[in-house]
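One structure follows; several queries about it will come next.
Letters are used for the chains, namely A, B, C and D, taken in the order the chains are written, and counting of residues starts over at 1 for each.
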Amino acid sequence: MKKRNATVAVVGAGDFIGGEIAKKFASEGFTVFVGRRQGEKLAPLIKEIEAADGKVFGRALDARKEDEMVSFLGDADKHAPLEVCVFNIGANVNFPIVDTTERVFRKVWEMACYSGFLAGREAARLMLARGKGNIFFTGATASLRGGSGYAAFAGAKFGLRAVAQAMARELGPKNIHVAHLIIDSGVDTAWVRERREQMWGKEALDNPDLLMPPASVAASYWQLYQQPRSAWTFELEIRPFGEKW
Amino acid sequence: MKKRNATVAVVGAGDFIGGEIAKKFASEGFTVFVGRRQGEKLAPLIKEIEAADGKVFGRALDARKEDEMVSFLGDADKHAPLEVCVFNIGANVNFPIVDTTERVFRKVWEMACYSGFLAGREAARLMLARGKGNIFFTGATASLRGGSGYAAFAGAKFGLRAVAQAMARELGPKNIHVAHLIIDSGVDTAWVRERREQMWGKEALDNPDLLMPPASVAASYWQLYQQPRSAWTFELEIRPFGEKW
Amino acid sequence: MKKRNATVAVVGAGDFIGGEIAKKFASEGFTVFVGRRQGEKLAPLIKEIEAADGKVFGRALDARKEDEMVSFLGDADKHAPLEVCVFNIGANVNFPIVDTTERVFRKVWEMACYSGFLAGREAARLMLARGKGNIFFTGATASLRGGSGYAAFAGAKFGLRAVAQAMARELGPKNIHVAHLIIDSGVDTAWVRERREQMWGKEALDNPDLLMPPASVAASYWQLYQQPRSAWTFELEIRPFGEKW
Amino acid sequence: MKKRNATVAVVGAGDFIGGEIAKKFASEGFTVFVGRRQGEKLAPLIKEIEAADGKVFGRALDARKEDEMVSFLGDADKHAPLEVCVFNIGANVNFPIVDTTERVFRKVWEMACYSGFLAGREAARLMLARGKGNIFFTGATASLRGGSGYAAFAGAKFGLRAVAQAMARELGPKNIHVAHLIIDSGVDTAWVRERREQMWGKEALDNPDLLMPPASVAASYWQLYQQPRSAWTFELEIRPFGEKW
């Protein structure tokens, strides 16, 4: 593996999508900085990346805290130029509107939208100084559709998409690629499997074509990264071939 | 004027759109409850409605405070069944992304999205108990498009639209009409006139076809209210005939 | 009824939507010109309008023939200024892609898109000369979504929507209101009832909230017609309150 | 170059986009079948591909003729399994609505929509028999927006997008990847350069960031082709980094 003098920061490096993205970019020679709320849970990811000869730094990160974000991305950029920032925090909940507490509504927004704004803005600040960079946001079906019961979640995801759009229009001409990946599908994680089983029974898991492997999401981010600036995509929607839409 | 035993609440009854909506529904015989941050500014509106033999109650309302919202809408509904709730608070700002402070981002969201969620949820609670009602949200071009510099404003307006969609899908089948009015134009207010003059000079005001009179917005809400439930509109976009889009 | 010195032309005045639109405008004092493929089928509609003291002219019209369209709309405009032109021809079919013959694909387009272009263009020509007018097109869910099996139908409906958009952008500033009504629902017609029963059994007809009465569509067109030019809607979507979307 | 036992058919292999796509897939070892209206103009493309050790067959193809399309794609598939079919015929014209002749409206549709339906359907027929394949359509800004003067062009491009969507929803679960590439930009061709110069003067050509090299479009198709079926994109929009949108 050819090492690169560049860093990739993953905000929300969970066990699934975020972790896979980190692994992919590490395997391509980037030094990855991974952050998640409970820093101790990063241990297996760090171990796996290092075992594959990748370079990684992990830390506990409450992405809703401005100073933590400034320092997380700033440290990455000090280590080596910040080439890519991926924001990957979700907060999927569903409640009837009258059961959606103000606390839930606010918290989901802080996690899935406000944190994304902080990540994007701080990455932009660092990248503008260098005249290049990539800022990628993870979206979902709920970024485009406010389904019944999704006032809080779609409220946050719509908002994140607006932030991404505004940034893309402002920063594109300044050589910073801002993109928004819409995952129109369930991702194949333990949590999603459990939920599907509860809703539709065990058979719901029989069709592997309906769940998207996290590595496919990571591959999509890699494709976005490889686009020449003469043909950038802002919004990339992906779904497994068997998905109804 | 035939008086009706029903109330209409306008959250964000400013000098322009909100005030006109209040006047329109008052002139149709509804008792209107009008709220805005600085309650003392409601005096001219109240005077005008009462001079036209309308019935109106005004009060200072910080729409970001859950208890104030609960009590504002609850009082309207106690006076007479809450027939319509209009949410009309905006917070149009434009900053380059790196100059968008976390305070601005949060405040714009609290005013233009979170308050709308509170208004919609509390109106829903009261209307579900009666099995009918109308909840209308005021949107803007920025509800659909995150333009350069609009991360905060579009972030909030996209979010509000998601809340409206989720509510419409859940509450429509329960006989509550939730709609989102997209004003794709500048509304003819002192503030907009001033801003246009600054940007494009005095000539920018010469074309009256490009600014929308607040009364036209009020008329659009009235049209939404009059739709039979067999043909409800969720999203109504309006623009003056001379507008480029 | 106050008679107006103005005509309304309905291209595709079928037994349901088109007929109701004609009745509505006739009842508002317009002289209506109604055209449909099989002119003899217009008899009951004409009888009903005349019985209600309305004024109506009917004729056989193959809307795919340029000269027939020119003469149909021209005659209406000669009778009295053409105030509104409504295009209302559909051609809902569903075939797997490999079973969609070139004949079906072409014919559906000629009926649902090309005819609409002819109607819109000729109406525009007459209205531009007078400096005012209204041109309304009937759309459907398939105007926005190409569902499985709908290559022909959605292909035509998407195309019609593009024609309507292009016309709205060009003609709005010239005081001609071009609008596109999206009916996101089944309309309550014999044909739709029969199809639903075939697909889902008799129970599918038990819920009256899911089928839209043609008169509600007509009322929506009337609302569009009444909009002041300072607040025109281009696209109006309507659906019954019980509809899933 | 590793040769593959598979063919790629390019319908509309013009001097720019289509030619580049053919070159790209040829360079990856596919045998390419290229068709365009005036077959003699294919000579330089064929020469270039062969000079690079690629394998190519060219022929005159009027894509509006069903039998020619059946035979063009059928021959490709007989040579080796048809792996990818790219439809790339446009017909960009702009006329005021009243100057849009029925002949223009119909011809633009035949070239840009109807031909695409024929290509897609015939490709689907061949690919369904093999249980795999890729069908890609070239779209444009006008696929999403009916601008003033674009009734004919947008009418056709909207229609093509509907065809692509309907096919994607039907064929995705059958392991055929249908995608629609939206080029939201001028492509860097002699024709576009000339038109920009006419409209905005020579300076319009000074900014190389606003014109997209055809090779970037070809690279985007290559990315679509490489996606695993667990993460397929239906619609891929691309634009140069300097483009306003």
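FYI, a contact is a pair of C-beta atoms (placed from the backbone, for glycine too) under 8 Å apart; a residue touches a chain by one contact, two chains touch by 3 or more.
Predicted model, so just to flag it, every value in this text is computed and none were measured.
Between the CA-based centres of chain A and chain B the separation comes to 33 Å, rounded to the whole angstrom.
Contact with two or more other chains is made by residues 169 of chain B. If you sketch which chains touch which, the chains form one closed loop in which each chain touches exactly two neighbours. The list of touching chain pairs reads A-B, A-D, B-C, C-D.
For chain D in complex with chain A, the residues that touch the partner chain are 169, 172-173, 175, 177, 209, 212-213, 216-217, 219-220, 223, 226-245. For chain D in complex with chain C, the touching residues are 66, 96-98, 100, 102, 105-106, 109, 113-114, 117-118, 120-121, 124-125, 128, 142, 145-151, 154-171.
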